[in-house]
Each structure stands twice: as C-alpha cells, then as structure tokens.
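Note that the chains are named A, B and C in the order they appear, and that numbering of residues resets to 1 at the start of each chain.
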Amino acid sequence: MTRTRLFMLAVALIAFGVLPFFLKSYGLYLLTLFCVYLMATYGLNLTVGYAGQMSLGHAAFFGIGAYHAAILLKLGWPFLLVLAIAAVACFIVGLALGFPALRVQHHYLAFATLGFNVLVFLMMRNEQTITGGTFGISAIPRPSLLGYSLDGAIPFFYFTYASTLTLVALLWWLLRSPWGRAFAALRDNPIRAESLGINITAYTLLAFAIGAACAGVGGVYFAALVGFIEPAPFHFSWSMTMLLAVIVGGSGRFFGPVLGTVIIVLLPEWLRGAQNWYLAVFGFLVVALMVWLPGGLSSIPDRFARKAAK
Amino acid sequence: MGDLPQLLVSGIAAGAVYALAALGFTLLWQAAGVINFAQGEFVMLPTFAILIAIKAGASLWLAFLIACALAMLVLGVGFKRVVVDPLVRFGVIPLVIATMGLSIGLKNGTKAGYSALAFPVPSAFPSGQLAFGGVSFSYADLGTLLLAGIIVVGLQSFLNRTVTGRAMQAVAQNTDAARVLGIDVQRMVLYTFLINAVLATVAALLIAPSYLAKFDMGDSIGQKAFFAAIIGGFNQTRGALLGGVLIGVLENIVGFYISPAYKEGVALLLFLAVILFRPEGLLGKAEERKV
Amino acid sequence: MRTLIRIAAFLSSIVLAQPLLAQNTPVKIFGLVELSGTGATSGTNFNDGIKLAVKEINAAGGILGRKIDYTSNDTQSQPQVSKALAVKAIDDGAYVVMGPVFSGSILVSMVETRRAGVPNFTGGEAAAITQQGNPYIFRTSFTQSTAMPKVARYLKDTVHAKTVAVIWVNNDFGKGGRDVFVKAIEAEGIKLAADISTDPGQLDFSGAVLKAKEANADALFAYSNEEESARVLRELRKQGYPKPVVGETTLTGQKVIELAGDAANGAVAHVGLTADAPDPGIQAFAAKFQKEYNYKPDHNGLKGYTAMYIVKAVTEKVGKFDQKAFADAMHGIKLSVKQYPGILMDVSFDNNGDLDRESFMTKVVNGKQEIIATLPALSAGK
C-alpha cells in the first residue's frame, strides 16, 4: 500500500469515527448497523471472493450468532465469552455443512447453504421454547466491558466500530500471512494453486467456515444493538441480499464489502423518498452489472467461468 | 384414516403445481445451463397479468391467454435475449447472480409499480365438492390435477414424438453434437424458454386463487420448484414431476398427522439429504464432472 | 360546570399557545405503519385513515392553529424495523407517534416512545400491550380481553355451540387472542374441540381446514390477519366446511371480504369499528374515504382516522402541545361525538390506555358486511 493510500485510509477511518458527534440516535443506530453488517459481509467476501464459492446461507450464520447472543447474554454470560462461543459454533457448523457439499460439485454448496438457511429459519420460528418463535426475544442487554457499561448509543457505536476494525485487520493479516497467501493464490488461479500443492478443497472449506464465523460475530453485535430479535432478518432473502452486496461491491477486492454494505444498509436511508423503487433498481442493477460488465467491475466472473469450466 | 384419500388428492394437486414450475426450471437448466432463481417471480408476473386483464374487463380464460402471450414475450424471448444470451458464456455462476438480481428487481418493481397489497384472482374451476364413497374431493383440486396432467402429458409427447421436440432434447443432452447434426440450437433453446413461460403461466392460473396475487407470492412457489427439481434430479424432466408431487403429498401428510409447523421442513430435509448424499437427485444420473 | 371548564381551557389555550401561534410551525406526527409485508392491508388502511383526518384537520386550521406535518414510514411488518423507525421519529421531534398496527411490532417499538415520553397510539389488540404500565400507550381499538368475552357469549347464546374449533395465527396478535378466547369460552362452558395453529403469511390452509372438519365441533373460530383469514375462508369453502364460522374483527373486514369473494358469505364476527355501522357520521366518513383512496375502509381505516381526531381533541383540551400533559389527560378521559364529531363514536379511555365504546356483531351477506347486533359499551352496562 502506498503512503498516500494509507493516508487516505487513515483520514476515512477518523472521519467515520467522528461522525457520531454530528448525528442523532437514529443516525448512530444506522452507522452501528453498518458496522455490524460489515463484519458479516467481510466474512462473505472471503468465501465468495477468495474461495470462489457462493454461500446462500450467510443470514443463517448471522442468525445463529444473534440467537446465541440473545439467549446467553440474557443469562448474564460475559460478552466476550458469548462472542467466542458464537464464532466457534458458526465455524463448526460451517465445516459440517461445507464438507459434504464441497465433495461434490461446486454449485452444490450454494444449494446446500440455501436449504440450510431455510431449515435454520424454520427452527427459529418453530422451536418456541428456545428461540421465542415469532414472538422473538426481547430486552437483550448490551454488554459492559471491564466494568464500563456500553449501554449508551455512542459507547456501543465505538465498541462496535473498534470490533469491526479488529476483525477486518485480522482478515487482512490472514490474507497477508504466508499461510493465508494460499487464499489469494486460490482466487487468482485455482488450477495453478492446485499444481503448487495447495489443497483446494481444504482451503475452500476453511474460507467458507471462517466466513460463517464472521457472520456469527456480526450476529452477536446485531442482537446487542437492536435489543430484540425474531426470525425475519435471518431469512434466506437476506442471504441473497448480502451475497449480491458483496458481488456488486466487487468480490475479492479487500474494500469491496464496504461499498456493498453502503449500498444495502446506508443508501436506502438516504434515498428514502425513492424507497419503494430502491430495491427494484438494485435488483435490475445487479442484472445489468452482470450483463454489461461481466469482467469489468472485477475479474471475478471470468474466474467463475474458468471454475465452472474446470 | 378416512382423510387419507383426500389428503393424497389435495397433496398431489398442490404438488402438480409445484411440478409445473419445477419442470420449467429443469428444462431451462438442460437447454441453456440456467439455474433460474427468479422462477417464483416468473409465476408471480403472469398472475398480475391475469389480474390486470380481468380488471380491464377480460374473462378469466381470455386473461389467461393474454398472460401467456405476454409471458412468452417478456419471460421467454426477453429473458433469453437480454439476460441469458450475453451471460451464458461465462458459466453458471454469473447467470445465477443475474437471476437473483432479477428476482429482487421483479418483486420490488411489482410492489413499487403496482401495489404491496394482495388481490383476489378468480378460480378457473367451480367451487364445491364431489362426494365419492364417503370422501369428498373439491372441484378445484380435481380440476388442477386434470389440467396439470394434460399439460404434462402434452409436453412429454411433444418432446418425444415430434421432430422439434426431439431436436430440443438433443440440444439439452449435447449442444455440440446437436449443432453438428444441423439443428438450429438457438431456436431450440428459445422454444425451451417459451415453454417455461407457458408452464409458469399455467402454474399462476392454478395457484393464484388460493395464494392470492401478491408481489412476494413467488418466494414460496419458487422455493418449492427449486426443491422439487433438485430432489427429483435436475437433469431429468421426470425428476421434476416426481419431486413436485412428492413434496405436495409429504407436506399434507406431515402437516396433518405430525405437525403443521414442520410441514415445510419435510421437503427441506429431503432436499438436504439429496444434496448431501445423492446430488444427482432421486431419478437423475450422476453428472460427469466436466474437467 | 362543563362550560366553565371549556371557557377556562379556551382562555388558557390563548395565553399558552400564543408563542406557538407566533411561530406557527407545523406539529410533527409520525406514522409507523405496515405498508408492506404480512400487515400491508392493516397498515395501509390505518395510514390512509390518518392521512384523511390530517387533511381535514389542516383544511380546518390545524390543531390550536398549527398545521399537522404527517410522515409515514413503512415498518415492513417487522418489529425491529418498527423499533428503529420509532427512534427516528423521536429524533425528528415527533409530538405523537401513530402505529404500528401489529401487536408484535408495537410491543417492541413502544419501548422507545415510552423512554422518550412520546404518546403512542397503536392499532394492536394483544392484551399484553397495555399490561406493562406504559403511561404513553393508547389503543385505537379494543383489547382482546374486552372483545373475546363478547364473541364467547355470541357462540353460547346465538350459535348454541357446545364445542368450538379454533384456527389461529401464531404471532403476538393471534396467540394472545387465542389465549384470551379459550379462557372466555371456558367461562361460558364451551369446550375447545381443536386447537389449530397456523403461521403468519401461510399460503396453504388445506391441512388446517381438514383438521377443523375432522374435529366436528359446533362452530369454528378463525383468528388471523387479513390475507390469511381470506385464505382460510377460501379453503373452508373449497372443502365445504358445514358449520358456522365466527371471528373477531379481521374475519369480516372489508379487505378479507374482497379477497375471499363468495367464500366470505356467512362469516360472523364481532367488530369494534366498521364502515357499515348505521351511523350518519361513519357513513359520511366512509364516503369521503372511498372518494379519496378509491377503496372501502376497514376497521383499521377508522382506527387511524379516529385516533388522529382524538389527538386533536385531547390536545385542544390540554390547550398546549405538552406530551406529558397529553398523556395524563388521556387517562380516564371521556370524549363525545357531539363535542368532537371527528371521533365518530363516543369513546372513553381507562388508566391503562385501553378504550371502551359500542361495538357490533356483523355478518357477511352477499359479499357485504351487515350489522346484526349493536353491543353496548362495557361502561354503559355498569
């Protein structure tokens, strides 16, 4: 990264950090929500952008994290422990789901995750004794850290912001580490990566499971932010929206998820007047993007094509 | 156990509608390599076309014909030319993403441009029941079965008995070989798209009276079609039929005897089991990995 | 005495409202309404009712000389969206918040309006809403604990039912109603023959109806949201369900009748408000509504409309725009149509925010809702 780009990044990060002083509660809520979804989409970017896998179950992992948080936080468990449990749970479920699906054909992961998401949604709605069903779980407490309560909107925003930055930094480090370079190799040329002795299936699976864990982490913050959860935000359609966000933002680009998440979380608010048409335009935009810029916005479609032809 | 015959009939009737949508789904996959995530919206749009035509004064059957024509034009020719043709050479995934975008676009476009509310659509069949040996079957279920049956048998004989139908099957099995044989591949693919549009419109006609016309009605039928196609084996037209009927019947039986809450779960568990253990589907042959 | 109070109120309003009149800024009211999702019918009606009232009030000079600036936001029928929108409404300086209609949504979003001390009118009917000691929540229709005993009495006295099957929707609204209903019929000595739960947004009711048929009860009580109610009625007709079908509020609503078509004929329901009520004020409202929005309002249209007029009436009673004083004044208030024509029916509020007024038993005949009985307000009997 060049010095100017580093400088610009620092300016952007600081500018985002001082934004809360100019906003009321709702603006703060949206910014925090943006950070929450960013954690999830960054995870998805690893799965989609680097491992070249379509996951249609990201909202389910997001929901698993959120329900873990809702239930355990209400029992008074410490936040960081809950966070760790949710992340590990999603990671393990990701492995368990991805392993059989990846054995077969690659687009079967998309199918399996879709089914998984529908199943998780049904369980959230029907297992009333655990999840509260359609009534949801309310009065989820916000965490306190080292005795300092994060109940207020501003402290919670900074906590979430710092957590998001940490997560993104971890992913950046992961992709830069000698061990993690395999992901980039996988993205750039899977066939060559395989010939270099990289176990493609193992790395793909790992990318999928790490992506799932990130979604789980995001879900924990979501539950704490909203203070109430019920199944709707974990419906399969949200998986689709997140996937499209990552793709529109430029999958496999490190800052792609930022753009994508702006489009699905912040932009609808700014365009509230045109809200009704917003999602329609978004949908057709995706089609147009695929049709007219299949190799333009990023090199991904090409790579997908090679993958499919493999 | 007096309910069982009725459960079976209404299950098969529901399944027949899923099967129609699933059939179009598998045809598109075989002919053009399209996994159509907007299949549910392909049923929703003709429903609204029927609704609008009726409001403009058309009778139900005239409205249905108008919807058919519009569907062939927009969801057949338009979909192929604008979305599929430019993308097909990039493989499966970009097309999947494009159809997802299309699904969101069509759904929300209908919501914003027409209405977010639900509307009634008249039934093609009379209300009332046919009592038969102590069990009663509704005319709606029987009519649905009859119409879906005619469509399926007609389609199968078209595909197996006519020159065009056989050419279409040849294209579905091996595009390159079909081209060598001098078959106009593009034309055959276009026919497939047109057939899909008509199947979706028939599904719309059959399902709209009980589902009501609403912009998000496609979510459910699209998902069922997708599950049905995969369960049956999605490189097999017979597979779609089996999958659809299986889902319809199982849903009814589980919903009645076990728990309505997990009615949708049956199709899902079956789907997941198939995906993980028999990915080619119940009737499918293992797809060769194209290396 | 009353005249004296009115004069006093009038004088104080002149004194206190003077600075406000000078600014003459519009007063902001926000609607959190279900414009899409499973509650689209309810939310759209509620919202249009509010808009019609706002238009009339503004044309007549506003409240205490200030125009109403009404903004509606779509909750998508989802509780967490409602909650976020409540925060936004408070940020933007809401004087009063209207909605949501869905019980599950208001239970979540009213936490915010309560914290900020903003009066909040809801269309929700779940009994739990007003049982939490929230001094800022007010209903626009009956709580289920008021309505269900009336339905149970009808089942016993008119239908002569000994057993009843229940089809209900499993959300805050449906579950709450089912629980109160079951208690109410037990009190009347009626047995619950089948307890059939269905999902919000459910499309296929063949299994549920088959179960109801199987139960062979003397009557069926169907309790769900509008679209689902219509699908249940259609399925009942399709399978030829032979027994009386009774509901509460939604079952004979205008949109349900439209959606269910012929299948709605014969359905009976208790409703708190209906555009078909034999009352010139309500008839006039229905005509204006029809002209403005091109459809016939259901009870939610009336709820939104009357709620906005209640806001006007009570604010004028208080004489200034003070949310705390408004909420205090609401508790135990009695408003009469004679004095405030916009409220359409005499109404009184208790200390929980529950309301009381006359109600109706209705039956669908030839695709039209007909009033078969007018039931007195609870307080009138005492």
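The criterion applied here is as follows: a contact is a pair of C-beta atoms (placed from the backbone, for glycine too) under 8 Å apart; a residue touches a chain by one contact, two chains touch by 3 or more.
Please read these numbers as outputs of a predicted model, since none were measured by experiment.
Taken as a contact graph, with one node per protein chain and an edge wherever two chains touch, the assembly is complete, since every chain touches every other chain. Put simply, the chain farthest from subunit B by mean CA position is C. Two chains share more touching C-beta pairs than any other pair, namely A-B.
Put simply, the C-alpha centre of subunit A and that of subunit C have 39 angstrom between them. Between the Cα centres of subunit A and subunit B there is a gap of 32 Å. Residue positions of subunit A with contacts to 2 or more other chains are 125.
Shared interface positions of subunit C, i.e. residues touching 2 or more other chains, are given as 199.
Of all residues in subunit B, those touching 2 or more other chains are 111, 261, listed in ascending order. The touching residues of subunit A, when paired with subunit C in their complex, are 24-27, 29-30, 125, 133-136, 138, 226-230, 232-233, 275.
Subunit A makes touch with subunit B in their complex at residues 54, 100-101, 104-105, 107-108, 110-112, 114-116, 118-119, 122, 125-126, 236-237, 240-241, 243-244, 247, 276-287, 289-292, 294, 301-302, 304-305, 307-310. Those residues of subunit B whose C-beta lies close enough to touch subunit A in the complex are 35, 37, 82-83, 86-87, 89-98, 100-109, 111-113, 219, 223, 226-227, 230, 261-262, 264-265, 268-269, 271-272, 275-277, 279, 287, 289-291.
Those residues of subunit C whose C-beta lies close enough to touch subunit B in the complex are 35-37, 40-41, 44, 196-199, 203-204, 206-208, 210-211, 214, 226-227, 230-231, 234-235, 237-240, 255, 258-263.
Within the complex formed with subunit C, the subunit B residues making contact are 3, 6-7, 10, 14, 111, 116-120, 122, 127-129, 136, 138, 140-141, 209-212, 214, 217, 220, 251-252, 255-256, 260-261, 263.
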